[in-house]
Amino acid sequence: MNTEQILRWLQRFATKIEQNKEYLTELDAAIGDADHGINMERGFKKLLIQLPTITNKDIGSILKAVSMTLISSIGGASGPLYGTFFLRASSAVADRSELDEQDMLDMLRAGLNGVIERGKTQLGDKTMLDVLFPAVTAFEKAVDERKQMRDAMAQALVAAEQAMKDTALMQAKKGRASYLGERSIGHQDPGATSCYLMLKCLYESL
Amino acid sequence: MKKLINNPEDFVRESLEGMAAAHADLIKINFDPTFIHRLDAPKSGKVAIISGGGSGHEPMHAGFVGMGMLDAACPGQIFTSPTPDQMLAAAQAVDSGAGVIYIVKNYSGDVMNFEMATELAYSEGIRVLNILIDDDVAVRDIYTQGRRGVGTTVLAEKICGAAAERGYSLQKVADLCRRVNLSGRSMGIALSSCTVPMRMSPTFALGADEIEVGIGIHGEPGRKRMDLMPANELVSMLALSILEDSAYTRVVREWDMDNGKWFDCELINQPFQRGDRILAFVNGMGGTPISELYIVYRKLAEICQNRGIQIVRNLIGSYITSLEMQGCSITLLKLDDEMIELWDAPVKTPTWRWGV
Amino acid sequence: MKKLINNPEDFVRESLEGMAAAHADLIKINFDPTFIHRLDAPKSGKVAIISGGGSGHEPMHAGFVGMGMLDAACPGQIFTSPTPDQMLAAAQAVDSGAGVIYIVKNYSGDVMNFEMATELAYSEGIRVLNILIDDDVAVRDIYTQGRRGVGTTVLAEKICGAAAERGYSLQKVADLCRRVNLSGRSMGIALSSCTVPMRMSPTFALGADEIEVGIGIHGEPGRKRMDLMPANELVSMLALSILEDSAYTRVVREWDMDNGKWFDCELINQPFQRGDRILAFVNGMGGTPISELYIVYRKLAEICQNRGIQIVRNLIGSYITSLEMQGCSITLLKLDDEMIELWDAPVKTPTWRWGV
Amino acid sequence: MNTEQILRWLQRFATKIEQNKEYLTELDAAIGDADHGINMERGFKKLLIQLPTITNKDIGSILKAVSMTLISSIGGASGPLYGTFFLRASSAVADRSELDEQDMLDMLRAGLNGVIERGKTQLGDKTMLDVLFPAVTAFEKAVDERKQMRDAMAQALVAAEQAMKDTALMQAKKGRASYLGERSIGHQDPGATSCYLMLKCLYESL
């Protein structure tokens, strides 16, 4: 995956967030405070403005810049989480302008670990982690099986989609949805959903 | 739901601009990143107290910036935590070198953003500490990230603000703030939902005679839905939930300023007991007239008296709100002599002014 | 409409009992006849200021009783004038011999009851004067009994309270109170109706996007119904109605204390003009969050600045309310040096406290 | 009319107010602040308790006591108006235990004048005066025509009933209804209605 594809990914993801602003907000309305789409869109609108100014940078620098923008404009729970994801991802691929399958795995895993540490979340807490973790695991398995980038990512995406749907079965233990107790069961998690969109855009940009 | 607003996107900015225009003798507002700070900050040798959180809870926090209370406040979008860059910029603007305390309400978003800000401020060479407020007894902490920060926040900001004004050291203010948190408990009810301006439909739906017991300040649910009851019964329910809450133990993360890392520390709120001297805080959620809050206070005072708990200070009004939500919350804070003295100390902010 | 109340008949009494319990260091409440008075009244040599009116406008008036403001307040039932026996008993309780001023809002009920009280107090040998507040520009005085008393009442009570505290004579306080009334103008809007507890259905019905312009504090209609507009446009409408109001002349009845009879006197409010120094008061109607009031203030400050009118003091909050009504009112008061000094003077009441 | 009949009148009126509490309040809801019935009932409930304690007094003293009770318990606009009505009426018949037609006229006229002075009202302002004035005028005419008490009062009542209905045609110029401007037209005045009830009870007590 080269710099251009990384930029395409970010561009696509930002656009996807814009298109799904209402949808993500409605998901958050059911079990949270009805702002996940609004929060994400605030950050990714900024990113869309910023992207043209960072096209000539390496992948690490691009992801770092993305991280800073998201951290300083999303707020809420998703701001630090997506911000940390991109921050850690950027460190894993510093100075690079091309990523092979292993680099991609390192990048995703670094981001994943960032989310876990920042959010103090566990699997099954009904958060974005419940999509990110199985997706990265599936990607790793595919890479171990020597799958090419596109195929490996396709497998990750299949896992991510199922995992996203499965969050509906979980009772939230982190974030605003947790205050609902059992009432959070039956609703798909908004952060998990935006995280799936991020991975989908990544796949589509390859 | 009708509101006195222009474009919903401009709500927070315009409201802050109105504040800045109204209180130019006390505060200044910085935009991009957004924070409100005392006109006279940094004050040489004084520990700086900074708080922040989503907007929609006014007058908290911006209304508490000024002499004897906060040095700066960081407002986020409505019900959305502010961002680390706001918190860092605020710290840089008001730190005199004596250090900064972030007072943080226990919500995922606030905690994560303030933790990032703490790390950033530390890396910029600021002596920074991070104290959590988690006082909402309505929350079942077994399946959440613990109790939410509500009414005790207001009281902690007043008391710690006074301490900082008197020249307490960073560590002493932090210890005091932790002690206030460990001495306070709250619970609230909603008679109606709030409506977030960007959405313009109610956050939750209540039947014509239904209320939400244990409501959070963002409209999060608490313990249960039930039919409206007479005020006296509602007050009893809230007061007893607080007064009969047993010891509350949990582990929170605090910042180790010397080694630049987080550490876990166990905190325990002891239950209230006969003979305690307390501050009783009856808070309106934004849409409740003060006449009703006095009806609440009347019953609360009776309950406390019957249990041998002595209300030595009180606060009645809408200080930590949820937009135009109707309802109230009760916070009881066990006081000691030092806290009483600091509560009574002079304060001069857009919302509060006494002794000067 | 849900409320934090018990039996609607007990609303006023229980709310007052809550106040009395909460502010026992400042005020005392007498029941039957009902009035709230300063703990330290009568104060030797000091003119006593008494106000009153229907309940439902809290914190006005009971919240204004204390050092530097009212000596006593007489609350009626919700939106119903109190009775002459309350007013007389209040006067007897707080008169030091230096005389009593009744500050009366211009409504049929209040005027008649206070007139009876004035006659009664006079016959009991009390030196009593009766000053009317009639500042609501929304009212077409051609077919009413003149403008209603609204926001200027709050400001008059603060300013005259400070004057009395400083030892002004009865006549001087009365002259000042009349001058404040002649310098103030107000107008309000309602986004929602209030609901009287005894009735529990809304006083008036507004469509989902409708507002009432020129609303009275009891839910009386004013100028017109119209669709909700952005806050900036609403504020312009209110501000211009006030700023462009021409000279207002009317005849009111005042009490001739020396001859024990009423006399008519003509009063004139002069229009505002460029260069005026004013106090800008943005008042919430009870159910409006303060964040929205700041959005209103923001635009109001801009309008005043553009017209060369200088806001030298401001007041933003819910002080003269209409139960849980959503909406706001704007009061502009032309100030002179004396009024500014008295505005700034110390005050210590359940609602207001500064300088002490 | 003797003391007993006066007491019967007051008793009847108080009961009538209790029965019409909702009705008077609804009339006030349309053009006022929805409390006329509540206000009146508060006063007349007190009166019902007081009545047994003043049975052995003369008519003047009874009416004076009534006046004091109403003044100190009704409040609003109607408190001072009904209070003043009974206060002035009591002065006109001080020390009496029996009233002839002329006494009754003096009493009613004194009360009427009290209402005019206290309320600074004119005919046509859409207030209780618009019932009281035509009723007293009709009574006076009947007395001039040497009608007996019952017949004279019957004539007054006919005038009062018509006058009460006619208030619906008027635009209010006093009291809360006046703020409605033209919107007050089409609604019967609550104070005029309670005033009619007072006169009706007076007739029925003869």
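Going in written order, the chains are labelled A, B, C and D, and every chain counts its residues from 1.
Note that in this section a contact is a pair of C-beta atoms (placed from the backbone, for glycine too) under 8 Å apart; a residue touches a chain by one contact, two chains touch by 3 or more.
These figures come from a predicted structure and were not determined experimentally.
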Neighbour overlap between chain A and chain B returns none
Averaging over Cα atoms per chain, report the distance between chain A and chain C in Å. 56
Averaging over Cα atoms per chain, report the distance between chain B and chain C in Å. 32
Distance between the CA centroids of chain A and chain D (whole Å) is 78
Could you list which residues of chain A touch at least two other chains? none
Would you pick out the residues of chain C that each touch at least 2 other chains? none
Have a look at which chains touch which and call the overall pattern line, ring, star, complete or other. line
In the complex formed with chain D, which residues of chain C make contact? 33, 54, 76-86, 107-109, 112-113, 115-116, 139-140, 143-145, 148, 196, 198-199, 203, 216, 218-222
Footprint of chain B on chain A - complex, ascending: 25, 29, 33-35, 38-39, 42, 71-81, 83-84, 118-120, 171-176, 178-181, 183
Residues of chain B defined as touching chain C within the complex: 2-7, 11, 14-19, 21-22, 55-56, 58-59, 63, 191-192, 209, 211, 228, 230-232, 234, 286-298, 301, 314, 316, 318, 321, 323-324, 326-328, 353-356
